[in-house]
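Notes to accompany the following structure.
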Amino acid sequence: MSNQLLDRVVAEIADEMAQRADRGAVASYIPELARVDPRRFGLVVIDAAGHVAAAGDADVPFSIQSISKVFTLTLALGKAGDRLWRRVGREPSGSAFNSIVQLEHERGIPRNPFINAGAIAVTDLILSGHQPREALGEILRFLQFLAGDSSIVIDDAVAKSEQRTGFRNAALANYMKSFGVLDNPVEYTLGVYFHHCAIAMSCRQLAMAGRFLAHNGQNPSTGHNVVSSERARRINALMLTCGHYDGSGEFAYRVGLPGKSGVGGGVLAVAPGNASIAVWAPGLDAAGNSHLGRVALEALTKRMGWSIFGV
Amino acid sequence: MSNQLLDRVVAEIADEMAQRADRGAVASYIPELARVDPRRFGLVVIDAAGHVAAAGDADVPFSIQSISKVFTLTLALGKAGDRLWRRVGREPSGSAFNSIVQLEHERGIPRNPFINAGAIAVTDLILSGHQPREALGEILRFLQFLAGDSSIVIDDAVAKSEQRTGFRNAALANYMKSFGVLDNPVEYTLGVYFHHCAIAMSCRQLAMAGRFLAHNGQNPSTGHNVVSSERARRINALMLTCGHYDGSGEFAYRVGLPGKSGVGGGVLAVAPGNASIAVWAPGLDAAGNSHLGRVALEALTKRMGWSIFGV
Amino acid sequence: MSNQLLDRVVAEIADEMAQRADRGAVASYIPELARVDPRRFGLVVIDAAGHVAAAGDADVPFSIQSISKVFTLTLALGKAGDRLWRRVGREPSGSAFNSIVQLEHERGIPRNPFINAGAIAVTDLILSGHQPREALGEILRFLQFLAGDSSIVIDDAVAKSEQRTGFRNAALANYMKSFGVLDNPVEYTLGVYFHHCAIAMSCRQLAMAGRFLAHNGQNPSTGHNVVSSERARRINALMLTCGHYDGSGEFAYRVGLPGKSGVGGGVLAVAPGNASIAVWAPGLDAAGNSHLGRVALEALTKRMGWSIFGV
Amino acid sequence: MSNQLLDRVVAEIADEMAQRADRGAVASYIPELARVDPRRFGLVVIDAAGHVAAAGDADVPFSIQSISKVFTLTLALGKAGDRLWRRVGREPSGSAFNSIVQLEHERGIPRNPFINAGAIAVTDLILSGHQPREALGEILRFLQFLAGDSSIVIDDAVAKSEQRTGFRNAALANYMKSFGVLDNPVEYTLGVYFHHCAIAMSCRQLAMAGRFLAHNGQNPSTGHNVVSSERARRINALMLTCGHYDGSGEFAYRVGLPGKSGVGGGVLAVAPGNASIAVWAPGLDAAGNSHLGRVALEALTKRMGWSIFGV
């Protein structure tokens, strides 16, 4: 019966979104993202029992971009533990996602692991002691494992394109390097970073990969313990306060769930105890987050009563 | 039985805190706050059934300072609704609580209602159309009503002292006024602001006053509907992302509850569906939040399983 | 003969300026300045021998505004000597004239005495130990003495109007006060500041008052020693690097003389060894400096070979 | 006789400097600069008649570092004329020489050609249409021509060392590139930049090379016209307002001459109409300028009456 409610709500929301004219603008800084059809929409919700409610383009792979930062953070915490926090903070940034001003004021330490600078620092930590190819393999295998799907790949054209035009990220990386925050050669770290941002996944794969965050660190279907329950809560807290760049407060205010967005238009959201959710709508708002993604999630949490801030 | 667990946990935490040597430093910018004994500690938790678990200095009034901003925001939203958001944002500030830099970059619009500038703008909205004395009376009566206790008063010596030395807040107010963000004479708005920050309450009164936020806008004992359930959720979201100045990310990461701190050493925290919590420990950390208050709340949510980010 | 050259150049420039269509926009933040006719133009040059070349509205008084800061600096250095530099810096600001950001970064110490914050700090120093009325009288008498003209007065309507709307300056003053940079009550210091900015002078009076800066600290006609030659050089250096807000580099590049502008459209410029110059054209450029004032001075230095950077 | 005065003053100053204990700290960020003996001191003054007054280590080559920016600016203006100002401003920076904050606020346009970012943008312009090796050859030949000395070379060890550790400059360059301010591949532009900063010259060579700036664009001995008199004045104006990083105001205030410093401890100063001056003292002050270099120049201008701000 609950399955029926969830299935109906997901279908309704997909219908409503299909009729919206306000879609935001597709990211245009690289041709691979600019070419995506703005009418795409996918929504997948997987509840605690493993029931999958899917609608729209649920199985079309898209570029997960910054959503990958949730998984690289998880991986890096597994390797380095709290040592990681020596080089990255845990506070919202209060400015645009690629701001370099904050780095100057705080001597090269990025505010949190979800802004670009912070994610580059996290990537550098995963890379340490490995070749770029190995580090990238490890990240990709981790996502395949979490999603239970070995078909997930990196979109090489996207990675190459970002590498060619990623001067802002190169500036951030060189700047941190000048303060000694990165251990590896800048071009290695950036190479791994650009490639893990270029991983392509469908909503179904993404929602599957996020299940451990909704269930105290454990995938309830496989029983795999990915992280401790404390670490899962803490990653969720970081997603809530920092997961939507300078629109994080707005997402918390309207949706009320931990979530992480990417400029490809995807959002991974977590309803603790209830569900793992992935939505994809390529048009972005002014803060660089999926516009209809946020609208759909706001409708979903309201109708399912899933907000973490009250029933 | 649940009562017994809660009573025991609260008592244990109070005992543990009494033995801690790390207490932070009491706020020193006005004599009235500097004189407070740093060994004070109070903790009150009121659960959904109305059971009150109290420990330590639970009935000693202290200066609630910025915690008052939760209540003035609630009041102002009641008066102005979403019009309020034309003059205040909803994003974490990413900088110190009294920063004026952000105001310059964003043309006089404060980032959120819980930094000083934002709270001054909210106060200005409550004041509009009234005399300062009337506005202040309204705020005080609202808190007496919420706490069910008409003995709550303003500590006039604290208010006067803050007014005499509050040049930073006067700078913020004049700066916003230069952008047309304030409607009333600067000295009127500041007068009301300094006085509502000087309200004195005990942990018991404060926890009582915060119950509507834990229970979808309604006090479950009296049945009073204070705000809609949506508004309660949204105020909680703002407390989570912005309630601890530039330590908000840290509080979310460690405690995992919406909360609002004041430089008097108090914290109001909300465990949605479970409890309203007030803690008081006057020593502050580097970000200006109660040090042992945060430690106590971290222990409480862990032992009670109340984090909003997972069980 | 040199007189003839100077007279001819001054007359030519006034003619050329009368035909320019590009006049900039008159300052509009207070009605008294907004009402000034943008076609006004005055130019007075007084050479070392005391010869006065005048053209246009040479005897029409205008609001000298920030030009007064040159004279209050001179007065304050006379009183406090190098102690003054404990509360004001000597570096160009690199940002808008009323920026408060710099004050936050540098803990309340303004970058130089010619931005608003710096001039307020200088005024505070003149005020110390006096009543506002006395301090203002001293400033006014100093200008009357320098100009040799006791008819110079303060335009009270301008002063009152600025005081009523000067929230940005009130913010700067309160902000410095919060760092302990000001000694006197904020409203006293601001009162004196707004009034000395409201002094009205003609180009003739202004050029006369500036002669000591062109001639090593001495008025060559009266023989009055106003400051030492070293101090005159240093005030000129400050005018060169900081005298035109965030257009100081541009003024040095194009005109090549120490100069100080005011939002009333006046500019005082100094050709060391050669002349004291005052120009008035009310229309301002984007940086808040007189547009035609700068154009006229560029023509004048070029034709007379007076640039300090080469013949 | 004038020669005698100049020779005596130069000798006296060298003697006085040799006895000073306050020498500042030698730049330490690369081993090649850190190894330089802090007791080195050289001073060369060449007057309008071509008389050379020299003292101390006048013929010891040192790394001219940022002083090269005066010559690359001259060269780039010759190639691009006022088009250059589309990508570089003309205002003092008001912040540290390697600040990236300003670039964010002003969308990738550096404030002036003498801060690192601005000099990199100027280098990029010289490079356009050439191979790095050709561009570098052109810069070196220009300096050899100006100094009349074909023995001037680049110190390759210094260039390599800077390239290896120049992450801050790489950040600046990538950041400008992200705004489209640079035309060439970042590594090419940086390569040329690091190499021209590594040119080694003695005070004698440097003073010789700067003569055109002191004499309206012309070398009075050879009669070579390097630039127009207007351009010479304008370069001098830029040196005055921007030539000493965030110590430019201080240099103008104390010395009163256009000048450009380098972290190698050299300063080129220009007394228009009177002399070209080069001084070398490796110890730096807090702003990164030669400490004794400034002290020596202050003594020189005072004793020779060469300040541009009065006799």
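First chain written, first letter: the chains are A, B, C and D, and each begins at residue 1.
In the analysis below, a residue touches a chain if its C-beta (ideal position, glycine included) is under 8 Å from a C-beta of that chain, and two chains touch if they have at least 3 such contacts.
Being a predicted model, the structure only gives us computed values, none of them experimental.
Asker: Report back the single chain whose CA centre is most distant from the CA centre of subunit D.
Answerer: B
Asker: Shared numbers divided by all numbers used: is that above or below half for subunit B and subunit C, i.e. same or different?
Answerer: Mostly the same residues form this interface, as more than half of the numbers used are common to both chains.
Asker: Measure off the straight-line distance from the CA centroid of subunit B to the CA centroid of subunit C, and report it in whole Å.
Answerer: From the centre of subunit B to the centre of subunit C is 48 Å.
Asker: Averaged over CA atoms, how far is the centre of subunit B from the centre of subunit D? Could you give it in whole Å?
Answerer: Whole-Å distance between the two chain centres: 56.
Asker: Provide the list of subunit A residues touching at least two other chains, using ranges where the numbers run on.
Answerer: Where subunit A is concerned, no single residue meets two or more other chains.
Asker: Where on subunit B does subunit A make contact in their complex?
Answerer: Residues 89-95, 102, 111-112, 214-217, 229, 232-234, 236-238, 240-242, 246-250, 252-253, 256, 258, 272-273, 307-311.
Asker: Show which residues of subunit D lie in contact with subunit A when the two form their complex.
Answerer: 99-101, 103-105, 167-168, 170-175, 177-178, 186
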